[in-house]
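Several structures are given next for inspection.
After this come two complexes, each holding subunit A, first together with subunit B and then together with subunit C.
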Partner chain A sequence: MKYVKLVWANLTRSKRRTILTTLSVAAALFLFVSLRSVITTLEDAKQVGSESRMVTRNSISIVFPLPEAYYTWLSAVPGVTSVSWACWFGGIYQDPKNFFPQFAIKADSYLPMYPEMVIPEDQRGQFMAERTAALVGKGLMERFGWRLGQNIQLRSSIYVPEQTWPFTIRAVYTPTDPSFGDELMFIHYEYLYENSGRWATPGWYVLQLDDPARAASVATVIDEHYKNSGASTRTETERAFQTSFITMYGNVGFLLNAIGMAVFFAILLVAANTMMMAARERTSEVAVLKTLGFSDRLLVGLVLAEAAVITVTGGLIGVFGAKLIFEGTEFQGAGFLPGFEVKWGTAVIGLLIAVLLGVVSGLVPAWQAARLPVAHTLRRVA
Partner chain B sequence: MALLEIRNLSKVYQRDSQAIPVFEAINLDIVAGEFLVLMGPSGSGKTTLLNLIAGLDRPTTGQISVSGEDVTEMTNRRLAAWRSRHVGFIFQLYNLLPVLTAYQNVELPLLLTPLSKRERREHVEAALEIVGLSDRGNHFPRQLSGGQEQRVAIARAVVSDPTLILADEPTGDLDAKSADEILTLMQRLNGEFQKTILLVTHDQRAAERGHAIMHLDKGVLTR
Partner chain C sequence: MKIPLIYNLRSLRQRPISTLTTALGMGLVVLVFIAMSALSRGFRAALTETGSGDNVIVLRTGADSELTSGLGRQTASTITSMPFVARGADGRPLASPEVYVLVSLQRLSSGEALVVARGINPEAFQVRKNVSIIAGRMIRPGTSEILIGKSIVDRFANTGIGQTISLANRDWTVVGHFAADGSSFESEIWGENEQFMPAFRGEVFQSLTFRLKDPAAFESVRQTLADDPRLPVDAHREYDFYANQSFQLTQIINIAAIFVAGIMAVGAIFGAINTMYAAVGARAPEIAVLLTLGFRPASVLFSFLFEALVIAFLGGLIGGLFSLPLNGIMTSTTNWQSMSEVAFAFRVTPDLLLRGVVFALVMGFIGGFFPARRAARQPVVEVARQI
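Moving on, here comes the complex of A and B:
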């Protein structure tokens, strides 16, 4: 503790440089933590789907629909207790930047399969009773300042793009798990079908199983049955479906990790350069301290402590800044990243990286201080 | 018994393949309480000798003992600890840390001791009082005159009560009046506090303040 004043005095020697370096580290750690949180959110999203629900989609791609006629046969597959379907509406509310996902669902069978959505009974009834009704997530209501009973208009990029689609918000759901997302909107499939010139068809089917252990055999039966049809299928558990949906983005994790590592090395060079400059400026002072009896080990400790104060302070600002900002704004990546949060595990990794930055950036100047030839340096100063 | 004993001390600098001898087979004894002055032309090796005595440099051959301890045999780590207890060094250019106040500069050597904060404060205040700067403890070096800076440097050199004070041209960068004050202060440290001092200087008037004068020239030390 008695060396704190000495470390602090050296840090405040060039206040502007210290502050700018600290802010650079803070910005880098903010970016790192944000990118890592995207990865953890996507990883969590893979766990959202139920193991007792299966999804049957077109084997070519999810963007290709399936015939409505499959419903009857799928309902009769042994092990399947109920079947429903949904499709992507692709609506735009006022402006494309107001993006949020909307799904047209066969509500009477779909909602009972999703207990994750908590809907007040009276609202559920009103939603079921009205074709143009919309079921909206709590977060979406807050995002746009909507209220129950409000009429909103969407324009679909898929179905009759030249017309607007009016909806009335009749129900609001609250998810039991944040990673399910509270910025989704559900509308009636029947309304879409009738007003789209009857060419809307299911995008995918959702199947409820009586036993999750039968998932593999059910998938085989369904996919074998439609193998040679015009729309062959791919059936998988909802969790696997979520995973394949996420991997549509490509290897996001690898990309974000690569950017994170690039940021880390860039800031390592910045911090190391600052510490080298700081150490070079006071070569003679290090020689004086050695003359007074400061050991090599102590000088190494002082230089490393100085570097660590800069990087750890920057780390704390960056990591907790990200946590506070994302939690304060309830950021969900425009609905693409439901349940987005900076986890404590991510915060700890960020802070460990800050400590590592301090040690690595301070290592060379610390070693130089320890190896400094005192007599030669003092003679040069004199 | 002498406080400082130097036996057959030689120093040769190696520049590329060329050997540059500074001095050879020097012998010197300094008894406790002595105020010895070392003079000589530039490049004669005066500062090198001080650095060797303080353990800041290693001799090519020979032995240096302070209070019976062989300095030349110590490891760097032990040497640093020994220096903090036994040597007070005064530089020509003061070499105070500009980011620390006068008080904090004087306190530096005490940070290496097990003294408590209160004990350190007592020692620092006593040292600043001896050099007549009790009221300047909170001033930074840039707020002090050259003479005052050197007095702070002297306070730093004596604050840990070292066995030996080594002064390398401490008046070389000062005007006559300030130089006189510094020399008077050093005489007081020697006379009143029985400090053993080895002073390197070019200045004949400064040299006359010591008990004895030694000359180092062309590698030969003469009294």
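Moving on, here comes the complex of A and C:
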């Protein structure tokens, strides 16, 4: 510990340089942690769906509906305890930029299948009792400053686009898991059906299984049954269904990782350059220290320690700065990244990278210090 | 009097490692900036080039995309026979009623995609000037044959000529590949309307695209169609329609680019400040001599600023150079505004490279200004005594 003072003295010799380098490392780690958190949030989104629920959709693609008549047969499939359905409403609230998803659901069977949505009992009752009622996520209420009982008007790009659809907010849900999303809106399928000229049909069916282990066999039974019908089906677990949406983004992970690498190398160059400049100014001092009997190994240690103090301090600022800022602002990527957070795992990786930066950037100057020819250097000093 | 610029160039050569690391650091910032901008431009270009300024696309009233639209045969033929629709050499109207559906396909690389399957008549190739078959042949009427857009060949299974793809319980044979100037049509599957209708959504078109006889008359044509009580349709200029569909994602990528490049730039600027302060510090005696010789402080300031700008320029060049191989690399994503898969290429354009260099110079200026000012304000006597 007796060398702490020496390292500290070296760090404070050029305060401006130390501070600027620390801050540039902080900026890099902030960015790295932000990018990494986007990746982990997308990964988590793949885990949102339940393994004990399955989704049956049209095999052509999700935009093709299924007949309502499938409900009865699906309910009788062994292993399926409950069946419900939903469809995409495609509503626009005031302006297309205010995008949020709305689903028309068969509420009496749908809501019991989703314990992820916590709804006060009285509100649930009111929602169920009224056809034009809407169930809205807590985040959406805050985003538009809505209150319970308020009437809102939506236009649908799919159903009777000439008219507006009035809804009354009767219930608000809070998700048990943030990645479920709190910016969804649910309306009654029956209301949509009757007011769209009986044109609406289920977009997809949700099936509750008594045992998740039966998922594969249930899927086969259903898809085989409808194979040669007018609307053949594709059945998979809800998790697989959700994952397929995330994969539609394409290779975002690769892109973000590539940017992360560029950030890492850019800052590595900055840090390494600083350490080399610091070392160059001190050549004569190192020679003196060597004459005094400091071993090569100790000198290497001192240089590396100095580099590590800079990068680790920068890393701490960057990583925890990101964590505090994103948590403080409740950043959700404008609704595209529900449940966005800087995980502890990401924070640890960030700090390890900071340590790595310190070691690598200190390497060259440390090596130079170790093999400095003492006599030669001292001659120049004298 | 000005200090010769060669002085700065020589002093940069004196410390090549420090110069290069600083320039390389800035280069990486510029690289990320150019790469992200090239991504958003490529995507935008793919959609804007899909539409033509001479064409009008007609959708059902209130529909925001072809997906949510629907037009009956009667509506389509009524519009086709209207006088403002241009006619081809054979006297037939240049109008293309089209079926538009999304089919779920597995990408060969990873994940699922919703690919556009578009039903066409032979007129589609005349209405869309930029579309041409580059391999194989045109589909024959009355058969289950399809054409595959060039961008999605090899991105999905069975897209080669002679292979078959199963869609909606039917097997479709690929007989040709087509190109469309890099536009999003190249990410589509084209088949015959009369085959796609029964296979997918029944007796209904999703859109009608026609060439205007007089491109300047768009407003009056739009009004005519809107006023006709027989026609529940909206008319859009084809160019604007597709350009609008690129708006959301382009904006997201641009914001991300500014966020990422901005924060990286802060780091790089701090690096440049360090380098330049070190350069100024190491040459304190030289600067004192310059000032003693009668060079004005302003000249010293410009001289060191110039030096920082040279480093930055080098960085800009490096970043631009590294970004060149990205040009033309294909990638794909889902355009959530139309829900469909769009394949597009990174576009590194000359003006983007120029922006990269300007961006680097701005970083260099900010990074070099304070150290240069310090050099100019150096107390001559004190330093000269040290010598």
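As a working rule, the second predicted complex is superposed on the first by the 322 of 382 C-alpha atoms of A that agree within 3 Å, B and C clash if a C-alpha of one lies under 4 Å from a C-alpha of the other, contacts with A are read in each partner's own complex, and residues count from 1 in each chain.
Basically, contacts are C-beta pairs under 8 Å (C-beta built on N, C-alpha and C of every residue); 3 or more make two chains touch, one makes a residue touch a chain.
Worth saying up front: this structure is predicted, and the values here are computed from it rather than measured.
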Subunit B versus subunit C as contact partner of A:L74, first or second or both or neither: neither
Which of subunit B and subunit C A:I169 touches, first, second, both or neither: neither
Contacts of A:L316 with subunit B and subunit C, given as first, second, both or neither: neither
Which of subunit B and subunit C A:S295 touches, first, second, both or neither: first
Subunit B versus subunit C as contact partner of A:A347, first or second or both or neither: neither
First (subunit B), second (subunit C), both or neither touched by A:L135: neither
Broader residue contact with subunit A after superposition on the shared chain, subunit B or subunit C: C
Contacts of A:V303 with subunit B and subunit C, given as first, second, both or neither: neither
Touch list for subunit C against partner subunit A, complex: 17-18, 21-22, 24-25, 28-29, 31-32, 35-36, 39, 60-65, 67-68, 101-104, 107, 109-114, 167-169, 200-201, 252, 260, 263-264, 266-268, 270-271, 273-275, 277-278, 281-282, 331-334, 339, 341
Contact footprint of subunit A on subunit B as seen in their complex: 47-48, 51, 54, 56-57, 76-77, 80-85, 87, 89, 91-93, 95, 97-100, 104, 108-109, 111-112, 117, 156, 168
Residues of subunit A touching subunit B in the complex: 2-3, 5-6, 9-10, 12-13, 284-285, 288-298, 374-375, 378-379, 381-382
Subunit A to subunit C touching residues, read off their complex: 16-17, 20-21, 23-25, 27-28, 30-31, 35, 59-64, 90, 92, 96, 155, 157-158, 161-162, 228, 232, 234, 244, 246-252, 255, 259, 262-263, 265-267, 269-270, 272-274, 276-277, 281, 336
